[in-house]
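Step one of this worksheet: look at the structure below.
When the chains are written out, they are named A, B and C in that same order, and each has its own residue count from 1.
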């Protein structure tokens, strides 16, 4: 009896929390269709902010920057992180404590310390050598730095989950070192590579603080543009960009749900 | 009338089938060259003080089913891995089919392995697993398909070829692993405890199947196991290893009936080992009593195999007659095992159940052993 | 003798090959992190010990002025502003972490008692908002808490805030934003802990202790402690260094350490002072990690606690 009351209370609590979690996002989406300029009241539905969005060159440039930054940094991080993940696996019997510390460093360092360290470094480096002017290049470098650990850990855990004799079987079956990589290792860790790429991409699009401090005047991304617009006084277009970004996340969530469903099914069939 | 024709037809069909199989086998044997293996002074050490192989000399003949037998940690798997090229020997020579391969990497050796965990590639289908070695060797797609089909028929995989790896049972995986190694037509096939993960029934069925495959192909098989029964059923010859040393090499019968030393004797399941106190020509006085042998002997231990012993009721005097009392009886249907107290030690005896009355616990019996069944050996 | 030498040579050749392999795979990533994160951080630490030059850039000679300034000593004597900011950061972190625990604990438990097929979806629902950009999420709260919105009006009617002020900017809005931001980071490790819960122990405790509260305290709570600690690390450390939320929801009177540090760099006013603040943040981070590790080890959950 008491158990059932408890469960009912928890169910109510669950729904309240869900409202708490989604209300701010819902408000943004709702106001993006607002016909009036005011942030406080809805006067009717319209798509005018979306039309303005398309005409706004700054926003389009920021959108392009966001994409270029996310894709470039994810690709570089995938290559470097994949190598490091494999190295960690292959040499896991050695004492690699220093490497683990190094890999966790970007994860545990507070964003703001991360961002200003890079900024201070890039500014001084540029003053001394004339290279690495703050802009998309420095942003890619900074993003790769925080993406590497995640890629490395995902790839490493995939390798650890494999039967180690598979590597020997590949050697035994006449695969040269290059063929082992192409025909055995890469296909085997493909799911891990895909999820590592998507995680890197998401981390890059989600990041604001580190981008903010490493960006140059020409390389504003969408989050930086939104930040600037908020600081200057809210323009209703922000709701429209934000809604589009929320939509992208919703699609990503749906895909990840489908993936986990599929995995569950195949696992069930296995057992 | 019809019955007769049917019967004739059936036998004819069987004959034809047999002839076809024999022809296929001959063709297969012709293509697969069996190779001999020669090892000299192979040495391997892990870390500072863990010696896996302490100088192994061994010859394996072409077309032989050869077994490396020993307890875990004896070095048998290390030896197999050196043959495969997966481990580098610190020192020593290795030739396969007359060619020196000590510095040849595994992917350049015409040697294939069936791994204990099977090591089937999870990202590939059964068919792709079977074709993997051929593909890596650069065999064209058409030829690959033909060979995979051929091996699938040979091992009788049936429709398993079209399954995914995660849809296979343990026994099926084992057979795919075997087929994947065989399809490459290696000079030597290495098998690392390939049956140890299977349950007893499936295991004995696959033992027979494996043996049949080896005989039909005439390929050199090197088999690693810690199970002496399995080793005896399958092998042409056995090498018993302990502590990085080869203790004895020989056909199963020799290793079982004439163990070279106490380790081999105990590992083959013999417990009746007794210390010899004094020798008087062919008369031995031992801790279990006085025993008469045929001719001279060497070594400080005498072995009495349980199944060579006879039990007579009561205490009877005679040469090689040892009086004792039964302390334990295990009835096993076809035979019974007895533990008998003699002098200050115990002895095990196995008696076939031929319908006569089997003695009971507490009965006084006399153990009789023929002089030619006694084996002497050293520690 | 000679064969022995050959063997040693063979082995050392293998070792050289292995070392080269290690270098080839690990070096690019390790060097990347060293050059683009370790060196910059070390440089930042060095900046803290330099003096402030024109345009806020650091210059020689070395001095401890930046730390004095952080403690509030300026040209006009001592002022408590920076100290308040520090204390506020600590206080906000404590309150937000506590609130997150209070919300996440029942939530994680509720997910574990739901049917297995719903659990992945429920977890996803909790996590998805954190996939959206932090700035957007915070912007959503600005919309909700601004003057004239239903929430602000309700608070006004109930007398919590003076008329026409709105719920933001305020310390309350910052706390709310922090709780919102970090809730998923606490739910996930707690859920993992609840899922591993040994139900036999719980049932034994229910037999031993009549009251459910005691059964919970003796059987359930200790088993979820490693997850709870992991969650606290994941929430408290980034919360202490938070920049976006206090900047947008807080206004001038709700600044946290992150804002103090950022201002010194973005306004170009005083790098050494900002670097000194960053060092403080690093110290807090490593103390937090170290403390959790120690407590975690004593609880037996050792390694998994630190992520």
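In this section, a residue touches a chain if its C-beta (ideal position, glycine included) is under 8 Å from a C-beta of that chain, and two chains touch if they have at least 3 such contacts.
Everything quoted here is computed from the prediction, not taken from an experiment.
Colleague: Just to be sure I understand the contacts, which chains border both subunit C and subunit B?
Modeller: Touches both subunit B and subunit C: A.
Colleague: Closest chain to the protein's overall Cα mean, using per-chain Cα means, please.
Modeller: Taking the mean of all protein C-alpha atoms as reference, the closest chain is A.
Colleague: For the chain pairs A-B and A-C, which is connected through the larger number of C-beta pairs in contact?
Modeller: Between the two chain pairs, A-C has more contacting C-beta pairs.
Colleague: If you average the CA atoms of subunit B and of subunit C, how many Å lie between those two points?
Modeller: 61
Colleague: When the C-alpha atoms of subunit A and subunit C are each averaged to a single point, how far apart are the two points in Å?
Modeller: Distance between chain centres, rounded to whole Å: 18 Å.
Colleague: Can you give the whole-Å distance between the Cα centres of subunit A and subunit B?
Modeller: 56
Colleague: Residues of subunit B touching subunit A in their complex?
Modeller: The touching residues are 84-86, 105-108, 111-113, 115-117, 119-124, 132-133, 135-137, 166-167, 180-181, 184.
Colleague: Can you list the subunit C residues touching subunit A in their complex?
Modeller: Touch list, subunit C to subunit A: 18, 21-22, 24-26, 28-30, 32-34, 36-41, 43-44, 47, 103, 106-107, 109-110, 113, 120-122, 124-126, 128-129, 131-137, 139-144, 146-149, 180, 183, 212, 237-238, 240-241, 243-244, 248, 258, 261-262, 265-266, 271, 274-275, 278, 281-282, 285, 289, 307.
Colleague: Could you pull out which subunit A residues touch subunit B in their complex?
Modeller: 162-163, 165-166, 168-176, 179, 183-184, 187-188, 190, 266, 269-270
Colleague: Given the complex with subunit C, which residues does subunit A contribute to the contact?
Modeller: Answer in residue numbers: 2, 7, 10-11, 13-14, 17-18, 20-25, 27-28, 31, 39-40, 80-81, 83-84, 86-88, 90-91, 94, 99, 102-114, 116-121, 124, 141-142, 144-145, 148, 152, 202, 205-206, 208-209, 213, 222-223, 226-227, 230, 234, 238, 242, 245-246, 249-250, 252-253, 256-257, 260, 264.
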